[in-house]
Amino acid sequence: MDEPIIEVKNLSKKFGTFEAVKDVSFTVNKGDVFGFLGPNGAGKSTTIRCMLSLIAPNSGTIAIFGKNLANHRTQILKNIGCIIEKPDFYRYLSAEKNLEMFARISGRDSSKKEIQEMLEFVGLDGRGKDKVKGFSHGMKQRLGIAQTLLHKPDLIILDEPTTGLDPQGIIEVRNLILRLKTEQQKTVLLSSHQLSEIEIIANRMVIINKGKSMIEGSVDALVNEQDLLLQINVSDYQNAMQAIELEFPALHVKHLHGSIIEMALEKEMVPKINYFLVNKGFSIHSLEPKRKLEDFFMKIIQE
Amino acid sequence: MLVRNTYNEFIKIIAKPRSYIGLGVLTALIFVILFAMKADGSSFVSFVTASFEQTLSFNGNILNGNLIAFIILQMLIVHIPLLVALVTGDLISGEAAMGTIRMLATKPISRTNIVLSKFIAGAVYTLILTLWLAFLALIVVKWMFGTGDLIVLNSSGLIILQEQDIMWRYLCSFFVAYLALLTVSSLSICLSAFAENSIGPIVSTMGIIILFTIIGSMDVTVFDSIKKFLFTTHMASWRSFFEDPVKMKDIWQSIIILVVHNIVLVAIAIIKFNKKDITS
Amino acid sequence: MRYIFFSLLIFYSLSANSQTADQIIAQLVSKINLVKDYSVKANIKADIPMIKVLPVNATIYFKQKDKFKVISKGIAILPKQGFTDVSSFLSNKNTYVAVDGGLKDLNGVQTHVVTVIPTVENSDIVLAKLWIDTKNKVILKTDLTTRGSGSVTMNYVYGTQLAFGLPDQITFTVDIKKFKMPKSISSDINNSEKAKKSKSKIGIITIKLSGYLVNKGISDEFFKKKN
């Protein structure tokens, strides 16, 4: 049975007359990589800040590790590692010193060796003695991840962790998150604008918009409710289109551009289409099934 | 966790260049005074004894280390509070501006402990500044100018304190002076809890000191009832140790008022910081 | 005959009196001149309005005719005038006129009162009235009026050094003008007490002297050196 790690119930927060978060509820289970989606200004940051006690909600409850955050704040935070927006450090101190200082108050002592290993892990080996003021944004992001993981928390909350990273960095963070889930059974709450990333690494998600939670559930289930979009780069696309529509009257095929055609279908149909076109003698240059998370997302937030 | 975070706060203060500005300026100020005294101290002394010199002559080593230490302590009234606020006013708001307050507030340490550790670190920095001042004023100056009786000029007249009767007065006065500077530190940290930038609390602290000092010095009956409660009124209470007899009742009153100020300012800062939504 | 006798008696008496003032001063000066230099331990106690000071020990050095130096560990307050001014003034008889003021009893001792009036324009001393013990040829009391420092009264008590005319105790009574405190120095900016005004217009400095070392030879350089 799923064990809830985070339970947010009817969370609301107003700043003056502006309702940043209104009646948001969701649950994050143990071992989840939980996607937290929403457009800019939806209330994601406010919700995350409430979960980390940076902001006091006006109403609602937040329970983490089965304990009420309001009453067990210190105990709960010992087991959470987080990056909120961009990680900020003491610019006049070295990377090592920064990690030492945060480790000192994180509830678990970290030795110099562990700090060195963590710096190596995030790709900052040899930069430990350098002052943070000389770090690029990407380096600070890496240091932020190091700071998040150093005290080995069970729950990791990441707000836009790949912002400012190069493609290699993005892949590394993604792989890291997956490893945290699979190898270390960590629970990760991930807020991101990169829908493709959420789709790849998250197993559950919630979408919020205008301060309200719109939909929550398993990524696969939510997205697979919708049809798959299949894009095929095929020789003689016009005849291919006709042939498919003739064989599969339920499908509606459209020409995208060049020799690429697109159709919406269930995922079980993909091999059948592939087999059909090959048997008919068409040359398939590429076959790309696209999940419609983006469409799904846009549909939800426009409701 | 309080001890750990206080240790962190020390590291931050030590690492910041501006922490050394205060010590450097203090040292420079004192050496400027020493140079002036060496060059033309006798005319300064004449200025002090001028009203009496028509009838009396003052013999002995008047311009000695004890007198110069007293002059240096006089600087406490305006200059050193700024040097204190320069560092302590930045302790909370500087982190808000830098963004690190966000990181700090997500750690398993209560907000009360965060504020208390900053107060403690600020208090220690203020103590270091005071001890440095004491070292320069009592040891270095005496090495340069020798020692002797101390002439103090008050509105009630001239007091000449004998050399052997002076050191305990200085030790007590430095303690009270530290309490006064601690109040400045507490005020700036308290204001820092309300701000999101460094400059605001520093300038506000100085503004409050100047305003209260002016109110305290105005001979206007409408201010009489509030004067004794202004902390600036008691910032100069260290001078009372150089009266004869020492007005211990007045000094105790000053100590109590300064201690109460510190407690209230710390309490306000804790309450404010606990209620604050950290959105930076 | 009786008339002539009494007239002569009065004439000689008057002549004797006018000569007596100069003679008395001359005798006083020759006794003063016995002392070329001296050093003495002094305990100085000042009781002056608006000044609080404990008694201070010092060593006083003097050399003819007006070299004077005080060395003290602490700060010693002495009157601006009165120590060497009288002896220095009296030593040059061309600069004053002495007028006999008759005999007066001072604390049970018969003294000759002599008023000394300077004849030079730039003299700081305006008037000096001396109570002189003619038997011992010492001054028991001086009332000095000066241009710069107002009036100073000195009372002398002699003991061990009577032969040299050096007192064991001098009590100075000085004029205290209204002292003004320079506010910027006092910095009592938060002191709401009003500055106390002294009712008394005089201050008293009592100096007890002991351990005289007379005519031991003190160099002029000593008086030029700073302590």
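Read from first to last, the chains carry the letters A, B and C; within each, the first residue is number 1.
Keep this in mind: a contact is a pair of C-beta atoms (placed from the backbone, for glycine too) under 8 Å apart; a residue touches a chain by one contact, two chains touch by 3 or more.
What you are looking at is a predicted structure, and each value in this text was computed from that prediction instead of being measured.
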Identifier of the chain whose CA centre is least distant from the whole-structure CA centre: B
Chain pair whose interface holds the most contacting C-beta pairs: B-C
Relative to chain C, chain with the most remote C-alpha centre: A
Centroid spacing, where centroids are CA-atom means, of chain A and chain B in whole angstrom: 52
Mean-CA-position distance for chain C and chain A (Å): 101
Separation of mean Cα positions, chain C and chain B [Å, integer]: 49
In the complex with chain B, residue positions of chain A that touch it: 15, 49, 52-56, 73-78, 80, 82, 84-93, 97, 101-102, 104-107, 147
Footprint of chain B on chain C - complex, ascending: 48-54, 56, 58, 70, 72-80, 148-150, 174-177, 179-183, 185-196, 203, 227
Touch list for chain B against partner chain A, complex: 1, 4-5, 7-8, 11-12, 15-17, 98-100, 102-110, 275, 277-279
Touching residues on chain B, where the partner in the complex is chain C: 47-48, 50-62, 74, 77, 148-149, 151, 153-160, 162-163, 213, 216-217, 219, 224, 227, 232-236, 239, 244
